[in-house]
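Pasting the structures here.
Next, two complexes with chain A in common: one pairs it with chain B, the other with chain C.
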Partner chain A sequence: MNGTTTIAEFRDAILDPAKRAHYRLAWISTVDHKRIAVLYMLTALFFFVVGGVEALFIRLQLAVPNNHFLHPDTFNQLFTMHGTTMIFLVVMPVVFGLANYVLPLQIGARDMAFPRLNAFGFWCVPFGGILLHFSVLAGGAPAVGWFSYAPLSETPYSSSPGADYWAVALFVLGIGSISFAINTIATVISLRGPGMTMRRLPLFTWINFVNAFIVIFALPVLNAGLAMLLIDRQLQGHFFLPFRGGSPVLWQHIFWAFGHPEVYIMALPAFAIVSEIIPVFSRKPIFGYEFVAASSVAIAVLSLGVWGHHMFTVGMGRPLDVFFAISSMLIAIPTGVKVLNWTATMLGGRIRFDVPMLFCIAFLIQFLVAGITGISHAVVPLDWQTKNSYFLIAHFHFVAVGAIVFAVLGGIQYWFPKMSGRMLSETLGKWTFWLMVAGFNMTFIIQHFLGLLGMPRRVFTYPDLPHWGWMNMLSTTGVFFMSAAALILVWNLATSFFRGKVAGDNPWNAWTLEWATTSPPPHENFIALPPIRSRRPLWDIANPDRPDPIVGENSAAVTLPDHNKVGILTFILSEAGFFGTLLLAYLYFYARPEAGPGPKELDVPRTLVFSICLFASSFTFWRSEVGLTKQRRGSMLGWLALTILLGGVFLVGQVNEYWKLFQTGVDLSTNMFSTTFFTLTGFHGLHVLLGLIALLIFLWVAWEGDFASGRGSAFKAAGYYWHFVDVVWVFVLLTVYILPLIR
Partner chain B sequence: MTTYQFFTTAWTWNSIVLILSALAAVGYFLTFGQRGRPLYFGAALVVFLLVFISPFSALANGYLFSAHMLQHILLVLIVPALLLLSLPQSFSLRPPLTYLSYPLIGWVAGVGAMWLWHAPALCNAATTSRAVSAIQTTSLLLMGSVFWWQVLAPREAQRLSPPAGIVYLFTACTACSVLGMILTFAPVSICPVYQHPVDRLGMLSTIRGNWGLTSDRDQQIGGLLMWVPMCLIYVTAILAQLARWHSSPAPQTEKSNA
Partner chain C sequence: MRTSNALDPQSPLARAIYDLGIVSGVVFALIFIIVTGAIIYAIFRFRAREGEPDPKQIAGNRKVEIAWTVIPFLIVVFLLVMTLGAMNRADPPPAPSPDLVVTGHQFWWQADYPGSGVITANEIHIPTGKPLSVRLESKDVLHEFWVPKLTRKMTNVPGQPNHIWLQADKPGIYIGQCSEFCGTQHAWMRIVVVADEPSKFEEWQRAQLLPGQAAASDATAKGLALFQTSTCINCHAIRGVAGADLRVAPDLTHVASRKQLAAGIIENTPANMRLWLKNPQHIKPGALMPDFEFTDEQLDQLTEYLSTLR
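And now, the complex of A and B:
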């Protein structure tokens, strides 16, 4: 529906069954960021109910000692599915959904930079969710925990396909998340409205922008690990199986190199929401914008290098423990800065205690507790005692529910009027809030003490030790309060959507651009943008006599970078993370050689010849690009065809090498070297193949004459990708073929 | 030798280092006089002297890989940064040297200084031969200066824009962290000299026994130093870029993030 649809047309559409079907299809086929965002959030809501019911069953089983309500294996499946669902199918989709809706509006853009990629990213979520849950029909859900520790997750110990479905589902979800992150970065960099400089970005947008970078760096690491796990399980690889020479600790390193940043991938959007709501409801600008913005960057960078604190109980040795303990404690500084900023924003403000603000205040208090118990886990000896107890469960639920879910609920209450045009009921919202706060604290505060009393986590039942019984019963009772809160929330969403108070454009008197358009916004978001000179454009309009200080300068003509270029470069960053992980895994095992085939089996001179073909193809592509810019069609087509030919020759060379190895009886399952070798070169070959397909499409399009109009930026983007694949091969060549010659 | 004896007596009054430092100080004041920022220069000199005179130098000299790594980090990241900060605003590179101001060259110099000198052969040679060691020190200082030029050049116009600076520093941080990880988890010695030190000072039993630093642990600490604290230097620089960005009233320069 575009802005030109008249009422009459609309009525016809509603009354005609064929056209009505079209409108239903319109939601499935939509590429509008607002609709996609709503789909994201509805999917998250659905899985929130699923994951919540799983939690309910877990707590029912643990309500009394020596309970046999659930079979132990069922219990393991439930807590695995609960964790995986809540993280990958609830929190990530809902925070991505919120960002998807609000972020383009806040920067005055019409849509995300790549609308189709946006739809693709969303559809990965239901697809991944279905894959994950299909395991239930295919022989049992995964029962290996959301961290899927090897070797438990390997075939000899988990023979049902649950772990395979888990890995494939997370792989798909990871791809979806990365595509969303690429889209976010390209949107913020390339699609900002006039006057919306990077320094004037609302904090919600800035923090989500920073968050997208963590996604770009962390998710590929997980995907590389998942690929290795699947290779182990499906192709008898050796990565994580000790009796085949693999290293289960390596899985933990890979998993937590993703897993710790993941905590911040979920938490930063919560910080983003809070940074938006607290100023509006305190009627003051945020205290220390620069500190909130910069501390987000510090958190992002630090989060990538502190995963070791998840592994103190593994026995990494004292040096690693000490360094990771120190770096983990450092993260408390930027997070502490943020808490100070939020509190100082409230200080002296005229605070309105509406539901969004109530959730933010609860967030502040719960997050403080979560932070303090979090820091306690950086203290190695304390961590040894509490890591595998309910103390840890309590800690991370304080982060995940007390901080993240509370902030998200506040955010939904805050932005629902913008999305639907109607307010959520304040009364029902307050019921949700108080039931949630009461239930949450009832369930999880006591778990700290249970943990300190020694109750281990991941157990399906427990003996009747002093105090354990009533503490667990109290914990389970709290879940019912939370369930009631969730039911009221769903009821509130449903009834307010139809009968809620009409919101108007700016019901909260907020200052960012999303409130400058109608609720819900038209398809193209804005009819006209207000002038932007500061961080609060709507404040400036409402208070022309005392506007905010101008931030930076209005440069007359700002040319924003091409979004194709930004998109492909971010994609390349994520791919670099993927290959980096594979390369490091290769080196890890290369340094621990074992009997059987090794690098000596490889024919280096032959590979060098084929490598030269690949490297030459970068040159020929560049010539083809020159042909395009100079509008010489023949030159462009010729060089492009030669590029494809050279890439093809390289692939033939690789296939030939594989064939020779197979002939001598070396395949992926032979030993550690062959596993790592085939994985690394295989994934590179796959990328070359995909690049070739892309280039063939370009060749076809160019042949048809579509590039006559000079649409060069997509072609350039493909070129970046092609060069990147060549650069990866430089590293693979050096590591796999040249390094053994030197040593 | 006990720990106390070691830290009180193992100061090496290396005459070449002292003379060079004195010459550098004289040269600095003759060239820049009042215009420079002598405090930074003094700090650079102090760190430089500590690297070569303090007992850490004795440890790095064949005993401990981790001490060597500490020297390495100080020479690449700290001393050059302080030196650049000590330059007067009027300072600029003259024509044959201007090509050093390309960001890519700076990046390669900074990351290369880390990777190159940790190739086992070079690392060994630098520890056993005085000549190679001198070359190493010189190259580290030069490469470090070329690296920091992009961020700490005397005039604003000579530096990268803050967003580009953040990308520059973050990627350098990643590249060095990767090397740190490799050193930390490598089961073989990267610098075999440190596996069986020649016990010139009679310190080996103290180091291995009292300090508990086996050669494996020593290398791990070396790798971790490069991985964690060194990264924190980059993080600090990144935060400084953000501060610079938010405090500059100058028009925005829009840079892509790559």
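And now, the complex of A and C:
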């Protein structure tokens, strides 16, 4: 494959049938971050149209009162799919795609840390999208809302498999997101170019880096919840069904513990985009880089502690309501302060109103509204009226569309030239912009008032109450403007790709490293890197008389941490969230007494024996590592084989324990103890099994003879994973087996 | 006109929320005006003009940034204090035993009055002028009780009774709706709260406690017989009718006294009652009442009978 093909050749190739076949394979099998990024963004664009059509139908049905255009079931499927599609198949892929393209360039790297993992992460998106949409052919799309509250999402109330497809699709998409986050973290930590210290990172990179940590902590919690829902639906578990001892509110806690960080996962990349564009088009640096960077960290940390504000009406009790009110109001501060930083960047500048900047200015005002209505929801009694109403719908669409989509559109207009070598049309861009401003505001401002007039969300129709009719009609009208904008955008992308003005390296006179190479960049991104001493290397080159002050110390010969180690440690962090959720669910039900089997059914001494085998395998693995480091093949192989054996013994012990329980009639469906016990130990066992498979592969590779210590770093990484699986078992052992004996 | 306007509070509970909304609204409006003002000022004052040099490359101002972090923090503290006060006023601690138990079903509301023993559906009568302690439950999925003019909304969680206070200052009809998506007909789970002067409420209560009227004419007797034999009694209760005491579906003892049918989807007239009985799925597809394929004659009889249940 010719890695240095220019975009011009690629353009000609599209028009030549013979070459098309080559490029098809090249793009499907690519591990180049730039191509993967484009695939992400094209996929997002496709699903944007799908989700937009779903929205169009929703608004058509709601245009007039008492409408019968759509059957209620159809409407309920539409809004479920619309929300799920827009969040998981549009916004997340497009922001990951943009980061995928730009981030390695901004830090002076050749690619992401794990190119094959990058490809895997991308392919999870179309796969998850197909899984989700297959439900339409398999009995109907899910009709449970994008957050699938229990008990409605449980089998007695949603018997068609739509909810199962929803859960499995999101599980796959979540794995893809976590993969990209691991890659981002490892890339930023381990692959920065010479002189690119952490303090000199452009805000786009920094904010996406911080964002990756939110993904690491939040997505696994969702996956744990999805696993529990699937266990309920498919294996007769009881996690969320009250009539068998489960708790619908537990689903809400688990989902929103993911769901709230999720909205920051979508919003932070929008902040990242805007933090790049506004300074460039104001011709001055961002006002208060440190505060913006620090506030991003504050948001990431706080975002993990505010989820209860989605549950103010569920009856958590006054103390919890107050706690979440406080945390939610606190998070407004770092968020709001950013708006001031961006505005202050414009003040005193020389503002150019190119299309990227137009989108950012609209973003500022619309995000301000979104933030303010957000704080209004943190004012708990106000939420007691506005939650689950059109006021809430207005709020989150101001965030998702008014802020995030607008920022992304600005980002696309800004970076398209770098990706394709051509400028997007300014004129078409301005049409897109003004149609979006008109349509978006027409649709969503009025919804604030509809909510205050008492219209709830997720209703397929409504009675002809005063003002509800014309307000809904106005809201529907806006959709046509937005549709027109979308069509013009697609037209702009297609025609500019072939006939746009040639862009050159740095059409916007920007200052970060992605503009220090050709448009598009060569396969390895840079021929040479400029000196990096500040946050704006290209400003320094263009203005040698007044460069930016040097940031931090020069990083002469800093050895960056090994990317394999960073990667596996990040993965382990994500797994901690997954197991943490399962463990907490176990403890939640353990605290509630119930009839039936309990920890007394467990044979603790026998389990201790098998546990000792597992713990011993950590020791033997360490010995094997030592053997590898000392290049003693026999020692390495022997200890590794022993490790695998001990792990295998543990698994056999587990299977034996399960078998004994099944024989006495205790399985997943018996009661809450059995459901949570089998879920927790089952997933742990699965991780042991996967670890054993990895170790077997290493054993085979070592046996075949190729064991230069070049692979040592990967082997060590496997070791971290193996030790982690042991540590999880320590927690499980203590909680499930030992705790009942003491307490 | 019946509206569910949250900006027209009709109880001290709703008013506490409304007042908080006004105060917060002023704060929010000020923030919006100031910040948007600054943005618009920047757009006009600092647009790039031909031939101008680069602006001063200011990277920040520590003092300004600290100030604009502290000030929002103070605003947040203020809002928090107001919030705590309003939480107590809009949602005082529950009473030990409820005056009213509202149970959500797919897709209707059951209202029980533990004190008097009245059981009814969808149309909830209350006396004016005093706060009523309401317990919220659910028989199936999550529902949410929301009557904006009178009180906060709260979720009906199966297996976890919740509590709100409900009050109306003046007599009148106050409407609301289920606001937690609960399935196909979530849109038509409307709530009608009828607030009466205490004496009139007592009257209503006494009437509700009477059993369903005995069949007066031949047609109504046939209607009653149909009710008892067509599996209606598997779901519906009518006090005074032997064997009809299950409440999987709305209690029909005084169904003719209600203003609407099927949780607000149609007005309660004999013609509409007949249409509903003819094919409930046609009016409210997804409701849990099947189509019994009654003949025209049977429909007339059933309607006649049910219309006597005032």
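Operating definition for what follows: the second predicted complex is superposed on the first by the 721 of 743 C-alpha atoms of A that agree within 3 Å, B and C clash if a C-alpha of one lies under 4 Å from a C-alpha of the other, contacts with A are read in each partner's own complex, and residues count from 1 in each chain.
Everything that follows uses one rule, which is that contacts are C-beta pairs under 8 Å (C-beta built on N, C-alpha and C of every residue); 3 or more make two chains touch, one makes a residue touch a chain.
Quick caveat, the model's predicted, so the values are computed rather than measured.
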| item | value |
| --- | --- |
| Comparing the two partners chain B and chain C, which touches a greater set of residues in chain A | C |
| Which of chain B and chain C A:348 touches, first, second, both or neither | second |
| First (chain B), second (chain C), both or neither touched by A:588 | first |
| Which superposed partner A:290 touches (first chain B, second chain C, both, neither) | both |
| Which superposed partner A:326 touches (first chain B, second chain C, both, neither) | both |
| Contacts of A:318 with chain B and chain C, given as first, second, both or neither | both |
| Partner chain(s) touched by A:136 [first = chain B, second = chain C, both, neither] | neither |
| First (chain B), second (chain C), both or neither touched by A:388 | second |
| First (chain B), second (chain C), both or neither touched by A:616 | neither |
| On chain A, the residue positions that both chain B and chain C contact, one per complex | 290, 318, 326, 330 |
| Contact set on chain C toward chain A in their complex | 1-7, 14, 16-17, 20-21, 24, 28, 31-32, 35-36, 38-39, 41-43, 45-49, 52, 54-61, 64-65, 68-69, 72-73, 76, 79-80, 82-84, 86-87, 90-91, 106, 140-142, 144, 146, 148, 152-155, 157-160, 162-163, 175-187, 190, 264, 285-286 |
| Chain A residues within the chain B interface of the complex | 185, 189, 197-199, 290, 293-294, 297-298, 301-302, 305, 317-320, 323-324, 326-327, 330, 552-553, 555, 558-561, 565-566, 569-570, 572-573, 580, 584, 587-588, 591-592 |
| List of chain B residues in touch with chain A within their complex | 163, 166, 170, 173, 177-178, 181-182, 184-188, 217, 220-221, 224, 227-229, 231-232, 235, 238-239, 242-243, 245-246, 249-252, 254-258 |
| Chain A - residues contacting chain C, complex | 71-73, 76, 143-145, 149-152, 157, 242-243, 247-249, 282-291, 313-315, 318, 321-322, 325-326, 329-330, 332-333, 336-337, 339-341, 343-344, 346-353, 361, 364-365, 368-369, 372, 375-376, 378-382, 384-389, 452-454, 456-463, 465-466, 546, 548-549 |
